[in-house]
Structures are given as structure tokens and as C-alpha cells.
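Here chain A shows up in two complexes: once beside chain B, once beside chain C.
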Partner chain A sequence: MSDARKKYLLSLFSSILMALVIGAVIMAVSGHNPLEGYAVLITGAFGSERSIGNTLYKTAQLCITGIATAVASQGGIFNVGGEGQMYLGAIASCWLGAALNGTSPWLAIPLCLLAAILAGALYAWIPAILKIKLNISEVITTILMNSIAIYFCTYLANGPLKTTEKGIVSGTASLDRAFRFSRLIKGSNLTQTVFMIAVVTLLVWYLMSRTTTGFGMKLTGENSRFARYAGLNAGMLGILGMLISGAMCGMLGMFECFGLQTRFKTDFSNEFYFDGMLVAMIMQYRPLGIILMSFFFGALKIGAVSMQSQTGISSELILIIQSVIIFFMAAQEGLLASLGRHSSARRANRMRGGVKS
Partner chain B sequence: MSQEVTPVVSMRHITMQFPGVLANDDVSLDIRKGEIFALVGENGAGKSTLMNILYGMYTPTDGEVLVRGERLFRFDPNEAIRHGIGMVHQHFMLVPSFTVAQNIVLNTEPRRGLFYDFRRANQIVEELVQEYGLAVRPTDTVRDISVGLQQRVEILKALYRGADILILDEPTAVLTPQETDELFDVIRSIVRIRQMTVIIITHKLNEVMAISDRVGVMRQGKLIGVCQTCDVNERILASMMVGKDVLMEPFIREKTKATEPALVVENLSVLDNRGLPAVRGLSLKVFPGEILGIAGIEGNGQSELAEAVTGMRHVQSGQIRILNRDVTGMDPAQIRALGVSHVPEDRIQTGLSGKSDIVDNLVVGREKEPQFSIRGFHLKKKRMKEYAEELSANFDIRGGGIHTPTQSLSGGNMQKVLVAREFSSGSRVMIISQPSRGVDVGAMDFIHRQIMEKRSEGCAILLISADLDELYRLSDRLCTIYEGSITGEFDPSVTEKREVGLYMTGRGEEAGHE
Partner chain C sequence: MNLGTIFSLSTLLNTVNTSTIVILAALGCLMTDQAGIMCIGIDGMIIIGAFAGAMGSWLCGSWVMGLVFALAAGLLSGLFYGVLVIRYHSDEFIIGVAFNLFAQALTTFLLRTLIGQSGSFHPTTGEVVKIPVLQLGRVGDTQVQISIMVLLAWFLVLAMWVFLYKTPQGFWLHASGEHPESLRSVGRSPEKQRYFASLGCGLLCTLAGAYLSMGYLSTFTENMSASKGYVAVACVIFGRSNPLIVFFATLLFGFIEAAGLRMQGFIDPTLTATFPYVGTILMMVFLALRQRTRRGHRAAK
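Moving on to the complex of A and B:
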């Protein structure tokens, strides 16, 4: 293990520890027992079959969105637009699914999956091509395109594609029962899609770290002028990362609607993509780290719900803990440097005889 | 020689340990007031580290520094500046969009009330310029002035802050021969006027001989010796630097018998980044087994020529043919596939990926070959590592293992990584720009031998360099370039450098009249 990696892991674990300590202090200050709070949080995440199911599903969700961020970033493009890509994937697959109601699921599901992937990838292609050809910042375009996608889908679900079923205020027509993914654990959110998410995540991980394509993407992301000079197709590799990222997001959009909902609903996502994006950023876009951190954050998120209902500690506390981790990770360079200066100043003091130390 | 009782700077038993690298190993050095002291050594010998300690950039692991007998307790550039130490780094630290005067007074701007007093700033700088006889206009924008003038701005900045000990880190690496001479005049005058002490880090031995009073030689973190410059010569210094005799002996060569050129450039015109003509109707031919040298002062279209030939830059008009194929308008990947390799002048932005390790930088471009991947897809990581180990050994790449990011290597070792990759790809045409810029004597000789070996393998080599000595040593034919056109062709074995120099500056007619 390299020195940099060791330093990174050290600062990661100390950041998490600090965040948990600060979380405990906040609990104590607000009149709760921190130990009890954390105990309820852990049982909330792992105490029953149902909660384990929920934690695993949350982990899967964070994994696929985190890896989606990472694969785009490896090719040098920061995809902030996963949320919009997810919405388009969801609506495309739900529209097609409803149109295919009554046909064989063996035909319908692959077609819907294809529609979701294409919609997500296509929507990611737009900011990618703008970045490569015209050097327009993808951060701005992807953020703006999120709103476009979400409002566009809201319009469709309340207008042209609105279901005619009685009693449904907004949303597309419901999907054939045979098309829906069944739940693996009763009452939990864990559906069959978790296997597909696992396969996709592992495939993309493999692509990123063990193939010539991933190798080319990495060099393009680090220095695109160099990549072009060295004979790589830098533009294509950058766009490819975004296409894969968008496709993964579109796919997740479909999984959400086909698994947990019965149709496209405008509120199916609670900004899932941004949670995954944060995990990816904290873990410096490293796939293995993203998978592990997804599990940690997934458990926190699920456990927090029980914590709030049983002890009254607000689940917002989890946001604080996440933010503190992000804060310390972002500041690690500076903190380490100032620690280094501190110790060298002490050394200089010692050298002059320790008069003032 | 003055008989100083206490030296102006005294560094005692300095040791600097970086992770995995002992950069300075128990170095003790005294600098006398009013002298010009040259510090020489190969890349990675620790000379920049030692001077960065003096300037407060690093805190040494062990040892102490005394300035005028007073001990430095804190290693911090502000502290160093307070003690009258100034440093001009290899990469300038100037704000390009500011004027000369604004850059010089930065952080200590003269004010009138709440406002920045621009007029006063210009006045102050003008006085400084007059005092030292430096030809710089305070109102010019830094972006628009030449590198040589930018360097003077850096020197003025140090003088303005009251420096009387000035450290110059490889000041001539970016200068033309004329600018180097002017810089030396400047240094001599500031030493005379202000009783300044100047320390120059360099590895150009002729410059050491030309300017310094004393010279210190470093090798592998140790100070090998300090001599009076008048007592030594370049040959002695070179062998002290590398620990053995280095002979820059001329190469024995036979003229190529090839009749079919491998690289043909016809009537080429190319624009620079600002959209102005940089190469204007240039034509040349390079034959297999031949080195064609391009001599010129930087900024006369050499960079754009190299980029156009390798597909990095759009061709405005004209034609480029490589191995009988028209490659005009092809992208770099296609041109490389024909058997072309390219050593670019800018190794940091173009030639390497700084964040990637040595392995990735050596393999890139060849990762789809069967030896590195299965079906051009699944990487053979183990084989990649072995290959990197082999090349690191063959090309003597030092400064950490194969997993070191190239940005933390020294300039010379970066260049070796780049050369190792480009020289190992079995190419038939090579475009080589500034192969030994910022590289020490030993590495330079090594790179030259590699180039000659490629030549004897039948490679057609276009060599672009700002170093006339290098061109003379390597080239079979020599062309001068001035304002984007070829101004003359010479046989270096029979032409004097002085004559070539005239053609480089566009004064070829004068040579003709002589």
C-alpha cells in the first residue's frame, strides 16, 4: 500500500470517528443519551430482516449512483446531472412498459431496460458533447439539465402521459403486475433489482480498473492534452464515461419505478443521485471505497429513521455526521499540512534548546 | 578576495529527509558577502532543496542556518525575506495580467488614503530600474513581455523587498544566449552596486566559469567540494558532478544512403494559439538514418512546426507526408500508428500525465498490444509492471519506485520517463523537441546516445533545439528557422556557429556580405 493511500485511509477513519464523536456531543447537548442513540441507530439498520433489507437496498442505490459519478469523473467529466438522467430513464421505461402491458415480461422488461439506458445515456451525452466540442462547463449544464428533466417529466406525468385510472392524481398508467420486480424480504425495499445493481456495479468497476478502456479514460481525465498526444481518442473516452454514467442512472430510474412504485411518480426519487455523488467524492472516486462507504452511509440513513421514531433524536443528525465527514475529508490536505508545520516548529524549538517550547 | 570574519550565510550540517529520499545529507556551506556563488550538480543532487531550505520553503530534518551570524529559528519565506534573502524560482511567480510595477509592489502597495497609488508604484519601480540599469518598463503588462524580462521583474521584486542575498534557481534554463549574457551583466552590476551576494543554481558549466567567484558541487545530496572558480575547469567540475569522467566526445558517423525521404513538409503554414501565423510556407525533408536539426531562437515557429507534423495542431495550408502517406489533417493517434514518435518540448503539460505513475506513463499508447492486454481489453497489470521495471533500469529512472506519480520526479527523471516511452515504441520517424532542456550533463549524454542509436537504426529524426551545441553534436544537416520560415541550410561539420547564429536572428544577408 502506498504512503498516500495509507494517509488517506487514516484521515478517512479519523474523520468518521470525529463525526461520530461530534454527533454524540450533539445528542448529549440536546438531552439524549448518545450511547442509546447509536444503539437504536444500529438496531434500526440491522435489527430485523426488514431493516437489513432496507439497509442493503440503500447501499445498492448509493453504490450504483456513486460508481456512476466515478466513471464519468474518470473520463474527466463531473456529472452532477444524474438526477435528471434518472428521471428520464424512469419515464421512458414506464411509458414503454405501460404501452406493452399484457405482453410477455420476457419481452417487455429487456425493452424497458433498453429504453431506460438509452434515455439516461442520451441525456448525459448532451452535456458531454458540449464539453468536448465547445468546452462548456459540464457542472453548469448538468445542474441546469436536472431541472429541465424533472419539470419535463412532471409535465408528462400530469399531462400527455397521465393515467386514466380513477383516483390517481398524477403519474403514468400502472405497469402490468408481471413486469414489476418482486421484493426479496417482505415489507422491505429490497427487490430483485439488487442483483442487477450488483452486477452492473461490478462490471463498471472492472471496466474502470482492469481494462484498456478504463486505462485510457483515467489518463484522459487526468490530462486530456497528454491523452491526445499519446494517441488516445480523448474526446471519445470522455464522452464514453458520461454515457455509461447516464445509462446507470437511467437504469436506476427504471428499477425504482418497476420495483418500489407501480408506475412513474414525480416524487419517486428523493435526490438519490446526490447522496451517491457525495459518497463518490468522499472516496475520491475509487470504486472499492465507494462500495464500502455506501454500506456505511446506507446503514446511517436507514438507522436514523428508527432513531428518530424511538428516541426522538432528529434524523437530521445523520446529515450533520455526513457533513462533518465531508468537511474533514475536504480539509485533510490543509489539516495535515498544518499538523506537519506544527511538528516541524516543535523540532526547530528543540534544536535551539527548547527554551520556549 | 575579501577577508570576511563571519560568512553572510552559514548552513551547518543540513540534512533533509523526504519520504524515501535523502535530499540533503549533512551539508555544511558558507557563503561570503559580495560573492557570486554557483551551486552545481545533476538533477536530484539536492541543490534546489538546499536553497529552498535557506529561503524557508522547507524545514530541514536536522542542522541549522545562520544569516549574518544570527540563527534562523523558523523556516518560513517571510522570515527569510526579513533576513534579506530573496529567491527567483525556476517557474516565475508573477501575475500575468498585472503590470510590471503592480507585480513588484504586490503585497506592499503604496497607498494614498484608502486607494492604491498607481503613479507612486510606477515611480518607485522606475527608480529601481534606473538604479540597476535594468531595461524594463514599469507600465508593461507581464503577459506581453519576454521570459527574459519577466525574470528581471522577479529580480526587481526581490530587490524591492530589500534582498541582499539573492538566490537564482536555474536562471538561464529559459533564456537565449543573448539574454543569458544580459542577465550576467545585470547580476554583476547588482553585486557591484549593492554589495549583493548572489547564489546561482545551475548545471551549465560554461556559465559557472563565466560568472561565478566560487563554485560548490553537489552529488546525491552531499556537498562534494567547494572551489575557487579560477582553480578549476569544466572538465573537473563535470567529473565531480557525476563522480566519473564524462566526455562529450563527438559521434563518428556515416552519411545516410537513403534517397527516399521519410518525412516531407511542403509549403506548410500554421497559426499559433493567438491565431497569428507562426509557420509560414515552410518546407523540409528528412531522410531515414538522418538527423535534421532545426536551430532558432524560441518563438519562431518551432513549437508549432512540431505540433503540426505530429497532428497536435491544425494545418492552415501545405502538406505533410510521412513514409509516403499524406498525413495532413490526421489526428495524433493516426500519425503515431504510422510509426511516428514525438518528444514534445513541454513535458509537464503534454508529454506526461503528472498524476499517473511511472507505469501508466510508460505503457500509454501501447496498452492494446498483446503483451499488455488480452484482446486489447483486459489489462495484464503484472506485465505492465515488469515492463516499467525494465525500462526504469535501462533508462536509469530514479526518484522512487515505478508507482511514483511522475509529477513528483525531478525534471531530468521526468524527461527520462518520456524518452524511455518514445524511444521504445519502434518508430521510424521521430520528432524531438528540446530533448535535454533542464537535464544534467550525464542524462544529456545518455539521451544523445539514444538519439544516435535511433539514427543508426534508420530512423528519420527531426530535432528541434534551442541549444546550438546540442544541434552541432547530433545533426547531419542543420536548418535555421526565423519567423516561421527556413532561412538557411548548413553542414555543421564545416559551418561556424557564429554564422548559424546570424541566420537564426534573421540577419543572414550580413553573413553573405562578409
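Moving on to the complex of A and C:
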């Protein structure tokens, strides 16, 4: 293991530990027993077949959204807009799915998947092209486009695309039963889509770390001018990263609706994309790390839900813990430098001595 | 639909009210931009200010205490951002985006844990005391009233302009972003200027939040900043950190939002809610295109 990686892993684990301690302090201050809180959290994540299923599904969800963030970042674009891309993918596939009701699922599902991918990728293409051609900050455009997409889809689901079925206040027409993905563990959120999520995640991981395209994207993300001098089409590679990212988000939007809902509902997502984005930020966009850590954060997220219902500690605590980890990780270089200034001076002295002898 | 309903006095008042939140936050953001450490985390600072303001006002029964609470939270947020970015050299974008998510989670957590309510804050006893409003009489059937925060925001725009362009302190602040080494060579610390900017940013953004929860509305709602902080960042980029141009951009944003509200009778309200965000993006595209053609002209010469 290289020195840099060892240092990174050390700071990762110490950041996580410190954040969990801060979480415990917050629990204690708000009048709960932190040990009990974390114990309930663990049983909530793994205590029953159902909760294990939920944890696994959350892991898959974090993987696909985390890798989606990472693939765009590798090309140099910070995609904060996955939530909007997910909404558009969801509504496009649900609209098409409802229109194809009655046909064979072998025809309908691939077409819906295509619609979801196209909608998500197209919506990600807009901020990407604005960034590459006009140098407009993608952080601002993507986050504003989240609001636009959510309002727009809400408008569609309550207006032009609203179902005519009786007793349904909002949402598109319901999908044919044959189109819906079935659950692998009864009562849990684990559906067949988990296999597709795994395949897509692994494919994109392969693209990012084992192909020349991925390497070119990495060069572009690190230094686009250098990439251009090296003869790469930096603009194209940046846009490609965003297209893949948007396509993945759109796909997840479809999986959520076809797997867990029966139609497009305006509240199908609870800022799912941001959960994955935080994991990607914590892992500094390393694909393998994201896949591994998704399990940890998936368990935290699912455990937090039962922690909230059993002890009354709000599940938002997990978001606080995650962002605190990011603060520690982002500041680690400076923190280590100021902590180790003294010892590194000593080490430098020793090294100089070593060269002389 | 006739244009009269859009360009009416009440639209104008709405414009003034909604833009004030963005103006105050944008003033804070442009201070950090001048110092070279542009803060994306202002959305989080707004929501923290909104929460602290509403709580202070409710607990103490006075809007002044609400402001004091909000400003104290602002100093803390500004200091937090400053320490991470200036002292520990963290990436501004990562800290900014993470801070926004953190602030959203923290305020929601506190509302649910301390008050035991979720969604929005409905006090069972007492109320969130609002910041006073000036009654300027009636015109036709519209009651003309303006919050004193609106006047304060306008005053601060002018004050910021004078500070940045007419005082040595403003010059130093600008220099700390543009040429930190030259500033150091005349014996001034750029770090000190940057801390000053991030504290100022915290104060102005939480002031914006306090106006949101104690002036524009009189309650705290989870996630009530609704990405307005990002709109403010866009306005700062649009105005290239010049307070007067930024002010114009925020008014434009406020007008689009207010006009959207007026059009709700004709167009679905969820659709008009997208207008301010679409408008902000178009504004940035317009600016970028204009800059590009300018550069093209210069190259042709």
C-alpha cells in the first residue's frame, strides 16, 4: 500500500470515528443515551430479514448515485443536479410505461429504461454544455435545475399527466402489474432492480478505472488544459461524464417508481441523490471506495429510521454526521500540517542528515 | 391576462420584499468573492439565520433578540467557514456544498428535537414577533408597507459600494483576493482580510435568514431557504461582485418571482415557481454570451 493511501485511510477512519463521537455528543445533549441510540441503529439496520433487505437496497441506491457523482467529477464537472435528473427520468419512464400498458413487458421495460436514460442524460447535458462552452459554474446551474425539475414534474403529475383513476389525488396513471419489479424479500425495499443497479455500477466503475476513456476523463478533470495539449478532446470527455451521470440518475428514478411505487409520485425521492453525493465526496470520488462505503452509510441511513421511531432521535442526525466527516476530510491536509508541523520539521532534519551520510 | 396586473404596485412591493433576502445574502457572498474565497455555503447560512432568528424572537418575545440570535449564529457560521477555508485550506466548493446540507440537516434536527415539531414551526404559546413594518399609506386599494429590513438592505448596498471602492479597508479586502502577496508586502495580512470577509458574509446571510423567518414570513419552515442562496451566488457572478450591479440582478430576480406570483391566476402555480430559477440561469447564460462576444471584439481589434 502506498504511503499516500495509508495516510488517506487513516484520516478517513479517524474522521468517521470523530464524527460518530460528535453524533454521540449530540444525542447525549438532546437527552438520549448515545449507546442505546447506536444499538437501536444497528438492530434497525440488521435486526430482521426485512431490515437487511432495506439496508441492501439503500446500499445499491448509494452506490449508483455515488458513482454517478464520481463519474461526472472524474471529467471535471461537479454534478449537484442528480435529484432533478432522477425526477425527469422517473416521469419520462412512468409516462411512457402507462402509455404502453397492456403490451409485453419485454417491449415496454427496455423502452421505458431508454426513456429514463435519455431524459436524465439530456437534463445533465444542459449544465455540462453551459460549463464547457460558456464556463458557467455547474454547481449553481445544477442545483437550480433541481428545483426546476421537481416543480415541473409536480406540475405534470398534477396537471397534464394526472391519472384519471378515481381516488388518486396526484400522480401519473398506474403502471401495468407486469411492468413492476417484484420484491426479493417480502416487506422490504429490495427489488429485482438491485441486480441492474449492480451491473450498471460495476460497468461504470470499469469504465472509470480500467479504460483509456476513463483515464482521459481523469486527465481532463485534473487539468483540462494539459489534457487538451495531450491531444484529448477535453470538452467531449467532460460532457461524456455528465451524460453518464445523468443517465444513471434517470435510471434510478425509473427503478424507484417501477419497483417501489405503482406510478410516478411527486414525493418518490427524499433527496436520495444527495445521500450518494455525500458518500462520493467523503470517498473523494474513488469508485471502489464509494462501493465499499455505501454499505456502511446504507446501514446508518436505514438504522436511523428505526432509531427515530424507537428513541425519538431525528434521523437527520446521520446527515449531520456525514457532513461533519466531509468537513474533517476536507480540512485534513491543513489539520495534519498544523498538528505535524513540529514533527515534520524534525523528520526533515533527519532526512537531510540521511542524505549527507 | 393583461400586462397591467403584472406591472402593478403590488407586484412592485412583492419584488422589493422577495429580493431583499437575495440582496442581503448576495452582499455577504460578494465580500468573500472580493477576498478570493467565494462562499457557496450561503444557502446554509440563510437557513441557520432563519432558525436562530425565529427561535430568538419566539423565546424572548422581541424581534431585536431574534436579530441578536441570528447575528450570533452568523458570526459562528462565518468563523466556521473561515477557519476551514483560510486556516486549514479546505476546498471552498466542497465546504460550501457540505455546509448547505449540514445546515439543512442541523436546523431540521433542532426543530424536531428541541421543539418536537416537524415541517414547520407552530408555537403553542407566544409567537414569532415580526420585524416592524413601515406603513406608507394607501394607493388605490393597495396598502403600501415596507419592512425596515428592506430599507436596511438598500442602505447596506450603498454602504458596501462606498466601503469597497472608497475606503482603504475595502481596497485591502479586494487586494487580499486579487494580489495577496502584494498586500503582504505592504505589511497587511491577507488572512485577516479574509476572516473579516467570511465573518461579514456570515452576518449578512443570517440577517437575510432572519428577514425570511421574521419579516417575509413569521415562522420557520424546514428547508425554507429554497436554494435562494444559490440564486444570490448567481447574482454575484452576474454582477462581478460590484454591489450596484448585483443589486440590479437581485431586483430582476425578485421581479421574476413576483410576476410569477401574479400570473398564478392564469398559469399553474407549480409552473410559475420555476420562473425565478429559469430566469437566473438565463441571466447567467446572457452574461456569459455577452462576455464572449466582447472578447471576440477585442480579439478582432
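We take it that the second predicted complex is superposed on the first by the 338 of 357 C-alpha atoms of A that agree within 3 Å, B and C clash if a C-alpha of one lies under 4 Å from a C-alpha of the other, contacts with A are read in each partner's own complex, and residues count from 1 in each chain.
Please note the rule applied: a contact is a pair of C-beta atoms (placed from the backbone, for glycine too) under 8 Å apart; a residue touches a chain by one contact, two chains touch by 3 or more.
Just so you know, these numbers come straight off a predicted model, no measurement behind them.
Enquirer: May I ask you to decide whether A:G231 touches chain B, chain C, both, or neither, giving the answer as first, second, both or neither?
Expert: A:G231 sits against chain B, while chain C stays out of touch.
Enquirer: Is A:Y155 contacted by the first partner chain B, the second partner chain C, both or neither?
Expert: In the superposition, A:Y155 touches chain C alone.
Enquirer: Given the superposition on chain A, which partner contacts more residues in chain A: chain B or chain C?
Expert: C
Enquirer: By the touch definition at the top of the document, which applies to A:I320: first (chain B), second (chain C), both, or neither?
Expert: second
Enquirer: Going by the contact rule set out at the top, does A:E222 touch chain B (first), chain C (second), both, or neither?
Expert: Once the two structures are laid over each other on A, A:E222 reaches chain B alone.
Enquirer: In the overlay, answer first, second, both or neither for which of chain B and chain C A:L278 touches.
Expert: A:L278: touches chain C, not chain B.
Enquirer: Give one of first, second, both or neither to describe whether A:T212 is in contact with chain B, with chain C, with both, or with none.
Expert: In the superposed model, A:T212 contacts chain B only, not chain C.
Enquirer: Show me the chain A residues, by the header's touch rule, that chain B contacts in one structure and chain C contacts in the other.
Expert: None.
Enquirer: Given the complex with chain A, which residues does chain C contribute to the contact?
Expert: 40, 84, 87-91, 93-95, 97-99, 101-102, 104-106, 108-109, 112-114, 226-227, 230-231, 233-234, 237, 268, 270-271, 273-274, 277-278, 280-281, 284-285, 288-289, 292
Enquirer: For chain B, which residues are in contact with chain A within the complex?
Expert: Within the complex, chain B contacts chain A at residues 19, 59, 62, 64, 71, 73-75, 310, 312, 331-333, 336-337, 342, 344, 349-356, 360, 363-365, 367-368, 372-373, 376-379, 381, 403.
Enquirer: Which residues, counting only chain A, touch chain C once they are in their complex?
Expert: 26, 30, 78, 80, 130, 134-137, 139-141, 143-148, 151-152, 154-155, 158-159, 274, 278, 281, 313-314, 316-317, 319-320, 322-324, 326-327, 330-331, 333-335, 338
Enquirer: Would you mind writing out the residues of chain A in touch with chain B in their complex?
Expert: 2-3, 210-213, 215-216, 218-219, 222-223, 225-233, 341, 344-345, 347-349, 351-352
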